[in-house]
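To keep things simple, chains are lettered A, B, C and D as they appear, and every chain counts its residues starting from 1.
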Amino acid sequence: MSDTSTAVLLLSCRDRKGLVAATSDFIYQNNGNIVHADQHVDSEQGVFLQRIEWETAGFRIPREELAGAFGPIAEKLGMQWELRLSDYVPRIAIFVSRLEHCLYDLLLRHRAGEFQAEIPLVISNHPDLQSVVEGFGPQYRHFPITKDTRAAQEAQQIALLQEQRIDLIILARYMQILGDELVHRFRNRMINIHHSFLPAFPGARPYHQAYERGVKIIGATSHYVTAELDQGPIIEQDVVRVSHRDSVEDLIRKGKDLEKVVLARAVSLHLRNRVLVYGNKTVVFD
Amino acid sequence: MSDTSTAVLLLSCRDRKGLVAATSDFIYQNNGNIVHADQHVDSEQGVFLQRIEWETAGFRIPREELAGAFGPIAEKLGMQWELRLSDYVPRIAIFVSRLEHCLYDLLLRHRAGEFQAEIPLVISNHPDLQSVVEGFGPQYRHFPITKDTRAAQEAQQIALLQEQRIDLIILARYMQILGDELVHRFRNRMINIHHSFLPAFPGARPYHQAYERGVKIIGATSHYVTAELDQGPIIEQDVVRVSHRDSVEDLIRKGKDLEKVVLARAVSLHLRNRVLVYGNKTVVFD
Amino acid sequence: MSDTSTAVLLLSCRDRKGLVAATSDFIYQNNGNIVHADQHVDSEQGVFLQRIEWETAGFRIPREELAGAFGPIAEKLGMQWELRLSDYVPRIAIFVSRLEHCLYDLLLRHRAGEFQAEIPLVISNHPDLQSVVEGFGPQYRHFPITKDTRAAQEAQQIALLQEQRIDLIILARYMQILGDELVHRFRNRMINIHHSFLPAFPGARPYHQAYERGVKIIGATSHYVTAELDQGPIIEQDVVRVSHRDSVEDLIRKGKDLEKVVLARAVSLHLRNRVLVYGNKTVVFD
Amino acid sequence: MSDTSTAVLLLSCRDRKGLVAATSDFIYQNNGNIVHADQHVDSEQGVFLQRIEWETAGFRIPREELAGAFGPIAEKLGMQWELRLSDYVPRIAIFVSRLEHCLYDLLLRHRAGEFQAEIPLVISNHPDLQSVVEGFGPQYRHFPITKDTRAAQEAQQIALLQEQRIDLIILARYMQILGDELVHRFRNRMINIHHSFLPAFPGARPYHQAYERGVKIIGATSHYVTAELDQGPIIEQDVVRVSHRDSVEDLIRKGKDLEKVVLARAVSLHLRNRVLVYGNKTVVFD
């Protein structure tokens, strides 16, 4: 971890000559020191994707003018782009139901300094975890959900998320389908953990499905949420070996350890501006 | 590897008291030395499954009378059972199309002594690999398959498999659907390698499917063949990490290494009488 | 997990005929239902090792007479053996310094019901984690250690461990060398987590050593503590891939996730009476 | 895989501003299309390392003048650098003793088109594998080695390697210590496979050492050869899980599968100019 702050550009455009030179020149000409640059060309689709990070200390363009200065270059080259400043501290809301393992894991990692972010808010459809959460600091807001109240509750959740200026939602085993409005507003900014090796066993009760099928390995998948359930761009996956000796309960227990690690890795990659969504896939510049 | 020959019982029945004692007593009372015994109780379904192996040297019951002697015990306890003698050398037929990597791998492992088996026969729907195979020893038989000739060719294949007294078929990336007759005759004796982490990506072109979906891990699955494509009992699976940098060709290349190892492990487990099929699952006594 | 209580025998002796039959007969003749039996023969050393577990419900020998009843059989066959009752609840003391990740992980798993055990006591050479620990329930005892006070403090720790009737010590990143007396008293009952893939990088600062050496994979090892540092019988190990991009801090961060899981697995195996120490190795009947 | 040829620069120097821009500008100003660029800064040592690859088609500097054109830039920036052309076909010599698995694996992969290289020569201290090798095409040269003949034989080997214009030596389980002269001449161009997870179990009989120690995971390591045995820069490692049930023979069998894959990956990385040696470590731009 560097103690100096940096700026990160995440960009994509049609592949053509001079793209690497164009961005590195922009930075060099303004006295920037590049600390990371990585790019990928999808040669099938002819798309160029890049992540480039440089130190803001000594950079000739003040940070508030950065976007304005790079915009014309990007426009000329037909780039889609995002600019992130490493010293911006994103604000996270965690959604949770009753299962505490992922929530606890995130809160502990946050307290241990693993995530450069604030977690001001936890939203749940159950009251159970209130005292646990508040012991760590975040506000706990309980939104009971029924078929009839779902839409109204979600409208209130959105208002709360706005009020709290939330940048990233983490679904830490939140057992509810979300409405289109919420999903749309947090496109590429809402991370879910699904307790299977997607695309195997989407939907409900994946450990039971895995047990029935007799697989020898189970997995967990962290992905951005899209309108289609368990179909969004995958950020990270991992697996663990199981055998006939493992009951469904054993799969659940082993799976919990996977879920925690896979979700934490995905969140960390996102927060360090390492993930670029592209079609329904991700490029992970790790 | 012991140099003494052994007998193996693979059995299953409704769980009840005294099952472990019944089989171990049978062996002990007849002066047998148990070298491996393992069992599993599926407590959901109340099924007991066991593998027990003992040295035939010094055993009071001659091998040709073994089945007759154990039969009444099994009947009394309602057991399904199979008796295998470790010095019986099973005869394998490998089915292959054009891809050579699994075939070669199996032939090399066989030559290196990894499989206690004979491989007298390789069957293919293409002539390409004839000289490779014959250099290793097995007979190579070419059965071109078209929609119209499929049934007739398969009848001839079955006749050949019988004539050659084949115990086990290995589908080493054989790109043809097999008829019910052949599948039925080799129930639990025909092992396929599928180039995905089943149940993800069944059917054709799984590496292309995996590439499209943007998964971060790919796999391979070895299973017994049943009437439903890629749905049979899984024997072994393994995975390897991939990234956005991997093209479809890279997935294929990495996948080949997986396929070879996963298929070889499954074949080895089968030949060492370690696999007991049970419902649509396997118990692997490893 | 069955809801009925069971008895477990863990035994070893010179290999000979009739050992499996002897123990299973003892159980069967007394109306026991065997729910797990597994054994291993080390054919190089001619040693037989077994784990056998049966339901105590309906067993003709009362639990308080079990040891007395099996003793003569064991003696006749020259067996070393231990008897464990599944409804006995072992008492654990966790030793910790300042790093909280393993401690927290163990306390959370305990609260989630993963360990059938009590954790009445946490001992530390630092005061830092007192409030964390007490929030979970255990007593926190601070024993500052200097070169001069070590022996006296350890004597007091031993007295406290006895008073608290501790069965198992877990060193959850306890950064102190322990005295022979303590190690001896808790032989095969003290589990350490070492933050490397032993025997690579024993001793201090293994992540720094790994970074210097440029390895592509790092690991963690859980083992029983013996008089020789990091040389005890290994219970469980696992690894994670790293690259040149990972700084020492990244190795430490990735390693923490490994340490937690590897230590928790080892503790769980021990508590479920799955581990049999044998020479300087373990047999893990999983 | 692109069908157009490319040039690759592998370079390292003290970190300073403008390095990324300097190389990408050089390429862009000469009408090159960058297809891969990756760099790494070792912030502890202040070293910048880069790999940059561009299409030679349309590049304004002819390939024979490339080195001359880049040289002054490199000199100005104090860079150590190597230039590789993707259509140059390196020539490989494989050294082997009696074990055939790695040799066979390399020859098969080569025939399957996995390596862009020629393998004109196999050198062995035993005659055993001559017919296998010659069936694949390479010349097989037998150099029996004794303590007395070692130096003289190695001098002849060096002459042969020169005559054959060998670029890369692969030690495919070659069970001989090599002399300093040979090691020195092929610095960073001689790849060994060691059958353990280094730095655990260096030297002789690592599988026996692993068995004695009772590890739960074994590994294989591919590294460049240096004067100190098993101490060179690590290119690739991988592991596989084992248990008390695995005899030394099982470890050897499982290890063989690892050795093949790990060695093949290391060779492939080297041939695709992905490996930059740096101190006693590698940066693998994959």
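In this section, a contact is a pair of C-beta atoms (placed from the backbone, for glycine too) under 8 Å apart; a residue touches a chain by one contact, two chains touch by 3 or more.
From a predicted model like this one, the values you see are computed outputs, not experimental measurements.
K.L.:
For the pairs A-B and B-D, output the one whose chains share more C-beta pairs in contact.
P.N.:
By the number of C-beta pairs in contact, the winner is A-B.
K.L.:
Measuring centre to centre, with centres taken as mean CA positions, what chain is farthest from chain D?
P.N.:
C
K.L.:
When chain A meets its copy chain D, do both sides use mostly the same residue numbers (more than half shared) or mostly different ones?
P.N.:
same
K.L.:
Rounded to a multiple of 5, how large is the rotation, in degrees, that superposes the C-alpha trace of chain B on chain C?
P.N.:
Going from chain B to chain C via C-alpha fit gives 180 degrees.
K.L.:
Quick check: how many Å separate the C-alpha centres of chain B and chain D?
P.N.:
The separation of the two C-alpha centroids amounts to 37 Å.
K.L.:
When the centre of a chain is set as the mean of its C-alpha atoms, what distance in Å lies between chain A and chain B?
P.N.:
Inter-chain centre distance comes to 42 Å.
K.L.:
Identify all positions of chain B at which a residue touches two or more other chains, and write them in rising order.
P.N.:
Residue numbers touching two or more other chains: 43, 245, 247.
K.L.:
Quick one: which bits of chain B touch chain C in the complex? Just the residue numbers, please.
P.N.:
For this pair, the touching residues of chain B are 2, 16-22, 24-25, 27-29, 31-39, 41, 43, 241.
K.L.:
In their shared complex, at which residues does chain B touch chain D?
P.N.:
Within the complex, chain B contacts chain D at residues 1, 100-101, 104, 108, 112, 114, 135, 245, 247, 249, 253, 257, 261, 264, 286.
K.L.:
Which part of chain C faces chain D closely enough to touch in the complex?
P.N.:
So the residues of chain C touching chain D come out as 40, 43-44, 197-201, 213-217, 219, 233-239, 243-245, 247, 279-284.
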